[in-house]
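Let me begin by handing over the structure; questions about it come next.
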Amino acid sequence: MSEMLLEVQGLRAAHGQLVAVRDLGFSIARGEVVALIGANGAGKTTLLRCLAGVHPTAAGRVTLAGQDITALLAHQRVRRGLAMVPEGRRLFDDMSVRENLRVAGDHGRAGEWTLPRVLEALPALPPIIDRPAGALSGGQRQAAAIGRALMTNPDVLLLDEVSLGLSPLAVEEVYRNLAALAGRTSLLLVEQDLSRAMAFADRVLCLREGRIVLQGPAQSLTREAVTAAYFGVEFDVEAERPMETQP
Amino acid sequence: MNTPKHFGLAVAAVLLLACVPAFAGASVVDKLTTLFIYMLLATTWNLMAGYAGLVSVGQQAFFGLGGYFALRLVDGGLPAYPALLAGALGAALLAWVLSFYVLRLKDGEFAIGTWVVAEVIRILVMLDPLIQGETGTSLIALNAVEPELRRSIGYWFALAALAGMALAMAVLLRSHVGTAAKAIGDDDEAAASLGVRVLRTRQVIYVLAALGAALAGVAWLASAITFLPRTNFGVQWSVLMLFMVLVGGLRSGSGPYIGALLLFALQELMGDFGAWYLAGLGAAAAGCALFLPQGLWGALSPRLSRLFARPHVSSSVSIPQERTVP
Amino acid sequence: MTEALIQGLLLGGFYAILAAGLSLMFGVMRIINLAHGDLAIVGAFGVIALTERTGLSPWLALALVLPVMALVGIALQRWLFARTLRAGILLPLLVTFGLGAVLQNTLYGAFGSEARSLGSALGDLAWASWELPGGIVVGQLPVITFVIAVAVLGALQLLLNHTRLGRAIRAAASDPEAAALCGVDAHRVHRAAAAIAVALAGLAGALLAMQATVEPYGGPTLLIQAFEAVVIGGIGSLWGTLLGGVLLGVAQSLGALWSPQGFQLAGHLLFLAVLGARLWRNHRHQLGRPALPAWRHPRAARKAVRA
């Protein structure tokens, strides 16, 4: 009986003829924070979308709390406790923040994350609660999107491009909010900022060309190793520096 | 219709068909005329919808307008046959004028907008005392021509119109307008960003399609002689065009011809346009749209070409199965 | 003339009910249902057939037919419309146009070509009227229709704004994928929207049969009028649809004063004019200019010269 909350085996996904994710396998424990890094086009967003159920998988298995959810549609996965904050936030622009949260609350799972609790955890929200989502700033949208996902009471929360397009202050705020979740909710977040990813996460997964090329506890990975994996340079572990290129 | 061989076959077919009135009976000539009119309507609707992505439910406007202008010109003193041709050209001219407005509409707005424009034209035409409202009128001048000659001329007119349109469309689709049209049909914003002149390209196609519909309309008038607004401006023509193109195969070269043949055959079998028959047409069109997007021709032609295929040496170059995202 | 205005206003109520369903389907599923008018006629004939066979009052028959229409909507959505959603805008237009042809000709085959009405079943109500100050006479049925329209639109607005289903519908209309990520089952939402839309069409059809006549091929005319009302009032707003319906009705009634064909013609011309004005305004916005050229605003022109 695995204690892993989310398990992925042999995942494969494509965009038409282009394979974006190939034979991917990893797992996430309950309460663990995993950072997903990689260059643009490495397959990070595709992986998250496959896990969330909005992108078709060509092969592989996804298991949540021991149950196979590979065949489930996105809204069914939400009801099992897997939620995603998508790239671009995708708020319902014509609806107020309150209504955005209530939609998720209506159709997600019941649990500790009620509207009052979410507003308490995300202090940026109460002042803008009745404003239309289309009229928010970048940081506010991010907070609202996270709040919306929380309303479904997820066990696993996927976050795509956490700090993209946000000011440094806003990024600080986001990570403060996420810190409150760590330990209770498993987080899989895509982050372009390498140092922040390694500082915040328990474990780091580096993707390149649809494959995991490096993974391990954030503390024990050196920046050099991660950078090498990120850019696809061979790394000499003992010498702790990139290998000389072959003539 | 890709090779010179195909072109030669087409020319031979047209010449052969042109000889038909010499030895065939009246009913055969009439039926073939009707078939040519169906084909004309099908190919022009396919041009708009299949190649330029313009779903118009208002082509019947030009079908009726060609006849109306012809009637007006005859009333003004022009001889019958030149009037018919001029009427069709006049309808195409009006299409050009309308295109500045109509082609700025999108998708659903365009579909219903063209329908509304057709209705407006129908109402305005019915207000003309010459047409006498619902009663309609007749191209009496044609009665002066001897029936067999009239029938033959009507036949040749329809055949010439069809051949001419087919030629014009083949030339057009091979030209830069044709490639532009296909690009627009796929994604008009992307095409515009590449410098494709979207409006001009659409205009050419719209006007050509209107000309085709108008020629079909005057050919119809030449053989039916009577002009009834409800019939000549009726939206059932659009139902027929929809059926022929969808069942035959949207976007394919031969699809509309197959669809027209099928419609013609069905009409012969069913006698006349009864209600269940039209219902069946609608259902068949919808069914093909959903399940057979390539139409009958698209579904059958790979099988047919396999039947007639000659063995060939396979290429030794292997194509990689997948490429990674860069 | 005043009577024509009032008649047009009340006619607007009918158009609003007819258009609301079309607008809902477009807003949620991005489908323009070209068979919408034909579905209204189906509803009308359903009520007519029920009243004729069983002798029930038309209102009771209507109450029975509406749930059936809702079920028809669910069935159509599940087996027809849902399949068209996968491929562009062309497919729904083609399929719904074909569906319309099927419905029209099936009705013709089943009921024949003659126009029918519920007027006889309604008894006195069919021609009862009230007299307003100033000697103006208004039919009771048109007023009842208008009241029903306001009630229906109000109920729909309440549904969309204050219920779970309504929020789900608006979410799915705004961003279907994001809605799925919130746990909203898009298929169920679409079926609910289709059920409401087709039931509204049936209601409109029955109300039409009460005040006038319906015939199997009358669907396309209704579709065009519904679409015109939506466009004139502005796509995306329920109360806008009522306004659009009223403007359409008024234009038509005024047109009818001029000639019998003026009724339809005036409506079409208003529609084309409003559409044209919107196109013009969008065109100017794209060029970065105000909707009207500077010479119409002498103050603006003087400002521009000074700058």
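Labels for the chains are A, B and C, by order of writing; each one numbers its residues from 1.
Here, contacts are C-beta pairs under 8 Å (C-beta built on N, C-alpha and C of every residue); 3 or more make two chains touch, one makes a residue touch a chain.
Just so it is clear, the model here is predicted, and its values are computed rather than measured.
A simple rule picks the central chain: find each chain's mean C-alpha point, then take the one closest to the mean of all protein C-alpha atoms, which gives C. Of all chain pairs, the one linked by the largest number of contacting C-beta pairs is B-C. Taking the mean Cα position of each chain as its centre, A sits at the greatest distance from chain B. Centroid to centroid, with C-alpha atoms defining each point, chain B and chain C lie 32 Å apart.
Averaged Cα coordinates give chain A a centre that lies 54 Å from the centre of chain B.
Computed centre separation for the pair chain A/chain C is 44 angstrom, with centres defined by C-alpha atoms. Touching chain C in their complex are the following residues of chain A: 52-54, 73-75, 78-79, 83-84, 86, 90-95, 99, 102-104, 106-108, 148-149, 151-152.
Across the complex, chain B is touched by residues 26, 32, 34, 80, 83-84, 87, 89-91, 93-95, 97-106, 108-109, 216, 220, 223-224, 227-228, 231, 259, 261, 264-265, 268-269, 271-272, 275-276, 279, 283 of chain C. By the touch criterion given at the top, residues 164, 167-168, 170-171, 174-175, 177-186 of chain C touch chain A in their complex. Taken in their complex, chain B has these residues touching chain C: 49, 53, 55, 57, 101, 104-105, 107-109, 111-113, 115-117, 119-120, 123-124, 126-127, 235, 238-239, 242-243, 246, 274-279, 281-287, 289-290, 293.
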